[in-house]
Amino acid sequence: MTLLQVNNLSIAYQTRTGTALAVDDVSFALDKGKSLGIVGESGCGKTTIGMGLLRLLPDNALIKQGAVLFKGSDILEFSTAALQDLRWKKISMIFQAAMNAWNPVQRVGDQIIEAIRIHDPGISRDKAKLEVEKLYEMVDIPTNRIFDYPHEYSGGMKQRAIIAMALSCRPDLIIADEPSTALDVIVQDQIIKKIKAIQKKFNIAIIFISHDIGVVADVCHDIMVMYKGRIVETGKREEVFVEPVHPYTKSLLSSYLTLDGVLEFQNESAPKSCLTSTDQAPGTCGFLPNCPQAEPSCASEAPQWQAISETHKALCRFCK
Amino acid sequence: MSSSSRSPILQVEDLLKTYRTDRSLIKRSSVKLTAVNRISLEIERGEFFGLVGASGSGKTTLGRLILKLEPFDAGSIRFNDLQIHGLKGSKLKAFRRQIQLIPQDPYQSLNPYLSVFDTIAEPLIIHRMGNPGERKVRARDALEAAGLSPADDFFPRYPHQLSGGQRQRAAIARAMVLKPEFVVADEPTSMLDASISFTIFKLLSEIQKQKKVTFLFITHDLAAARFLCNRIAVINQGEIVESGPTLDIIENPQTEYTKSLIQAQPSFSFAQKAAAAT
Amino acid sequence: MSKETRSQKSYTWQRFLEGWSLFYENLVGRIGLILLLVFGLMAVCSYIPPLIDPMYHPMTGVDPDVFRSTPPSAAHWLGTDNIGRDLLSQLLTGARIAFLVGISAAFMSIVFGTLIGMIAGYAGRLTDSLLMRFADMIMVMPSLLVVLLLSSLFGQLNIWIIVLLIALFRWPGISRVIRAQTLSLKERPFIDTARVAGASNLRIIFRHILPNVLPMALLYMTFRVTSAIIVEAALAFLGFGDPNTVSWGMMLQWVWKTGHMFQAPYWLLPPGICISLITLAFYMIGRAMEEVLDPRLRKEEQKV
Amino acid sequence: MSLQKLIIRRSLEILVIFFVILSGLFLLFHLAPGDPVSRMVDPTMTPEDAELLVSQLGLDQPLWLQYVYYVKNFFTGNFGVSFHYGRPVVEVIGERLPNTILLFTSSVILSALAGIFWGKMVAWHKGKPVDTWVTIISLVCHTLFLPWIALLFIWIFAYKIGGFPLNGMISPELWMDPDSGIFLKTLDIMHHMLLPLLTLFIIHVGSYLLIMRSSMLETLSEDYILTARAKGLNEKQIRNRHAGPNASLPVVTSVGLSLAFSINGGALTETVFTWPGIGRELIFAVSNNDYPLALASFLFISIVVLIANLVVDVLYAFLDPRIRY
C-alpha cells in the first residue's frame, strides 16, 4: 500500500540575487513500513525535500510545483489546522544531533509530554508521563532522567530522546534527517541500530536522509541518489550500491572508504570530464562538468530516465 | 614497539595533560579533567601515523601538545631529539619551522581578511625567508603542489571565494610552504563531503611520498586511517589503547574498545557479498 | 557562485561595498544618514552668522535692541534668549560641539575598549579576569553622576576633560563585546596555524584578530557617539558644561534656569529636538550597520 | 541549592566592588585640590561644633587612620552633617532613599515588561508596516533627550493641559488634612509619580522593545522552534511557550547592564520634576558643594545599583537552567 507519493516536486529558494532551485522535479513513492534512503552531498537538496514534506521550509522557500500525497490527500493543499494535526501524529521527524532540537530552558520530559498532549488533550499529564517512561525504556534511557534539562544529556542521549519523542504519537512515517551525523562512530552505530529495531517493531515507514552512504545502506531498502536538486539514480539498495549505473553514483561510491579499503566499483581513476562546461544548455545534466563518460550531445540535450530493471532507474543518457 | 637504528622523529613519553573545569577567580576548584593520561608513543621518520579516537578522547589535545600550542603537566615530548618543553627564542622559531599544522574545518582555517597569497606567504615573512620575489616563487610552488593551479589565479582570492576543498588545499599549501619535516593533520576533512575528502587524502599521501614528510593524522574515522596510514594508535579517554601496523590492528584487534570501534563502522557487507557472487 | 567570478578586490573593500548596498536598502539607515548630513551642514554653517554681524556670535554677541527673550523675527530667525543672544547661531554652534564631543569621545572609548577587549580575550586567565572585573566595576558606576562628582571636586571641567571622562566610562561595554569575539576567534584554527608558523602574539593580535573585530568596533562606535552626546548634554543641562562653549544642553539649562520654559517654546523646543535627532541619526545608522553585520548574514556568506 | 551558592558568590563580588568604590571615593576626596577638612565640615559651624565633628570623622588623624574612621563611619551610618540642611546626612538620605527606590524600580520593571510584551508582538509581524513603524518609534523613544522630554511633559501636561502637578511628590495641603486616609495619600503620590514615571518609561521601553524584537527573531530561527513546529504546535503556542520565554533572557541581561544608565536618567528625572529622591539630592549637593551629602548620596546610589544588579543576576539564573549547574 502506498503511504506517501511525491509527484514532480520542485522547491526554490529566493535569495537576494534571485531564485535558486533546490529541488528539481522530484518524484518518488514510499510504501507502508518501508524505508527509503536519500543520499547526496551537502547542498544537493535532500534536507529541503524532508522539510518540504511537512511544509517546514523557511519563509524564503517556495514550492513551485508538485504534489505530496499522504494516504491519498495532498499535504500541500492542507489547511494550517489540518497540517498541524498531521505533523507528529502522522509524520514525525528525527533531527540531526548537532542541531539544537531541544529547547534549552525546558525539561526534556516536558517537551515530550507537550508533543503527546498537543495531539490528544484528553491524556492527563500523569498518563503522558507514563507513556514517556515506556518510550524511555524503549530507547534505553534511565527513566529518572526524564525531567532533566537538555544540557544535562550527552549527545547520544539527546538523540535517543529525540527518537523517543518521534515515536510518542505512533506516527506512520518518520523523517530522519542526518540522525547520526556529528556523533561518534560507536554512538552512531547504536542510534542506527535503534532506528532499525524500532522501524521493524512498529512497522513505521522511514525516510532516511544522509550524506553517509554506509549508514544509508545499513538502514534502507530503497535508495535515491540526489545530485544538484535532482534524483539521478534510484532503486533497491542491492541494485544502486552493487551495480551503480549513473556516473555520479559511481564516483560517490568510489570515494567511500571502508575498513577493507576502497570499494570495488571504481575502475576509473580520478574522474575527469572530457568536456568543458562553458556552454551548457539549461535543464541538461548537472554532473556534466565532472562526468567521465559524457558526450558532446550531453551539453545540449536533457538527460532521460533509463530503466535498468523494474525497480532500478537512472537519469542519464548513456548508462546501460 | 620496534626500535629502529635511526632515532624516531618524535618521541612522546609519559605525557600528562589535565584541565581545570571550573575557572573561578575566587575559588580554585579541584575538579580536574585528564585529557591526556600518561601517553607514550614514537613516530618514525617518514611514516604516515594515524591517531584514531572518538571526540573527547584527547586526540586533538595530544596534537596540540606536540605542536606546542599548549603546555603539558608532566612527561616529555622530544622532536628530533630536542626537548620541546621550555623552548624559547631562536630555538623555538627553528622548531616552529619544522613542524606544521593542517587544521580541521576549512571554513575557519583561513583568516577571512587575508588573500590566499598573504596567507601562504605569512610563514615565510615570519621566518624572514627570501625576498618578495623568492617568496612568490615558493608560494606558487606550494600552492600548485597542493593542486590549485594556476597559482596566480588563486593568489588574489579571499577564502570566501573558494570552495571547501579549495580552502583546505590552500591550508595545506600554507603548511607545506616552509618545507616542514613533520605535519600534524587534525581531521582535515571532517567538514567536507566524502568525494572531496577522498581527493584531499590522495593529495596528502602524494605529498608524504614525494617530500618524505612525516605525518601525524588525527581522525575519528578508522576507514580513513586504513586508507592513509601505515601505523595507527587507537586512543580512548586520554589513553592509548592499542598501537601498531594499521592492517594488524584492523584485522586482529586486541582490545574491546578497538573491537567495538571496528564493529560500529558502517559496512557494505551485503554489497561485498553480492559483488563476490557476480 | 557569482562571488567567485567577481573581480578580486581586497576583502575589506568588498565587504564594505556589499555592506553598503545592504545598508542603503535599509530605510532606517537611510533616514539616519540624511539626518546626519543635515546636522553636518548645520555644523559647517555655524561659522557663518558671526561673520555677518558680531551680534550673531553665539556666546558674546548681544543684540543691542533686545532686552528680553523674543520670539522668531526677521533679524533672529529662531528668536533670542533673555539677554538678546541669537538662538539660531547658538543652535548651529551646538551641532559643532555635539559632533566634536560625540565623535572624539566615541573614538577614544573604541580604542580603549577594543585594545582591552582583545588583550583580555587573547591573554585569558588572570589578565582576563582582572580586566573584566575592572570593566564590570566601571559598568555599574552611573557615569553621569561620577563626572558630576568629579567636576564638583576638581572644579569646572573643560570640554576635553569631559570627553576623556566620557570615554573612560564608556569602554567596558565595547570591550566585553570585543573580548567575546576575540575568545571565539582564538578558537578558530587560523590562529593556531599562525602560532604554529611562529607568529608572535603582537602579530596575531594586530594582523589576525584586529581586522576581524574592527567591523564590530565601528558598529559600537556609532552607539557610543550617541551616549557621549547625551552625557555631555546632560552635564551641560545640569550646569557642569564647559562655560566657554555653547552646547544644546547648555541652551536647555538656560531656558530652564531662567524660567522661560513655559513662555518661550521657540527656545525650549529646538535644542531638545536637535539632541534627540542627532542621537537618533547615529543610532539609526548603528542599527542599520548591525543588520548588515548580522551574524546570520555572515553565516550565509561562509557557506558560499 | 546551587541558586543559593550563586547568590552568595555574587554577593561577595558585589561587596568587593562596593569596597573599591568606597575606597576610590576616599582617595578622590584626598586627591582633589583644597583641604579635605573644609570639604567635610560646614564653614558656618561654630568652632566647637566643627572640632567635635572633625574628631568624630577622624579628620585630625593620619591618613590611614582617617581611612579606618571613614569605613567605620560608613557602617555606623555617620556621614557628617549636611551643609545645606544642617542635619545629619543619614537622616536626609533615609528620607530620600525610599522615594528613589519607588520610582526607579517601578520604571525599570514596567518598561522591561512592556518592552518584552510589545517586542514579542512586533517580531511576530516582521516586515509588515507595523514592524517598521514601531521600530522607528522605539528608536525615537530611546534617543529622546531625557531632561528635555521631562520639561516638555511638564509644559504640555502640567501647564498647558493641566490636571497634573508641576512638581514634587505630594500635595502638602492633602497631607496636612487629618481626614485624608491612606488611600487618598497613596493616590496623591501616584498622581505625582505619573509624569516622572511616564518619562522614564518612554526612555527605557524603546530599547527593551528593540532588544526583545531582535532576540525574538534570533530565537525564531533556532532549531528547537523548528522542532516545536514539526510537533504540530500552532504559531501562538510556539510564540508563547517556546520563543517568548527564551527570547526574553537577553532583555533581562540588558536590564542588568543598563541599570547604571537608568539611575543616571532617574537622577535627571528627579531633578526636573523635583521628586525628593536621592539622585536629585546628589545633583543638588554637588551643585552647592555640600560634600558630606554628595558623598553619602553617591554611595547609596551605588548600593541601589549593585543590589539591583544582584537581583537581576538571580532572576536570570532562575529563568535559565543552564546557569545553575
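Going by the order they are written in, the chains are A, B, C and D; count residues from 1 in each one.
Throughout what follows, a residue touches a chain if its C-beta (ideal position, glycine included) is under 8 Å from a C-beta of that chain, and two chains touch if they have at least 3 such contacts.
Every value quoted in this text rests on a predicted model; they were computed, and no experiment measured them.
Looking at the partners of chain B and chain D together, the chains they share are A, C. Here B-C and C-D are compared, and the pair linked by more C-beta contacts is C-D.
Using mean Cα coordinates as chain centres, the one most removed from chain C is A. Among the chains, the centre nearest to the mean of all shown protein C-alpha atoms is found for C. Chain B and chain C have centres, each the mean of its CA atoms, that are 47 Å apart. With centres set at the average Cα position, the gap from chain A to chain C is 51 Å.
Averaged C-alpha coordinates give centres for chain C and chain D that are 24 Å from one another. A straight line joining the Cα centres of chain A and chain B is 33 Å long. Multi-chain contact residues, meaning those touching two or more other chains, occur in chain C at positions 133.
Across the assembly, chain B contributes no residue in contact with two or more other chains. Touching of two or more other chains is recorded for residues 13 of chain D.
Across the complex, chain C is touched by residues 23, 25, 64, 67, 69, 92-93, 96-97, 99-101, 103-105, 107-115, 122-123, 126-127, 156-158, 160-164, 171, 174-175, 178 of chain B.
Residue ranges of chain C in contact with chain D, taken from their complex: 27-28, 31, 133, 136-137, 139-146, 148-155, 173, 226-227, 230-231, 233-234, 237-239, 249, 252, 256, 261-262, 265, 268-269, 271-272, 275-277, 279-280, 283-284, 287, 296.
The residues of chain D lying in touch with chain C in their complex are 13, 17, 20-21, 28-29, 32-33, 132, 135-136, 139-140, 142-149, 151-152, 154-155, 159, 210, 218, 221, 257, 259-261, 263-264, 267-268, 271-272, 279, 282-283, 286-287, 289, 291, 294, 298, 301-302, 305-306, 309. Contacts from chain C toward chain B in the complex involve residues 3-4, 6, 8, 10-12, 14, 125-126, 129, 133, 188-190, 192-199, 203, 207-208, 211-212, 301-302, 304. Contacts from chain B toward chain A in the complex involve residues 54-55, 193-195, 197-199, 201, 220-224, 226-227, 250, 260-268, 270-272, 274-275, 278.
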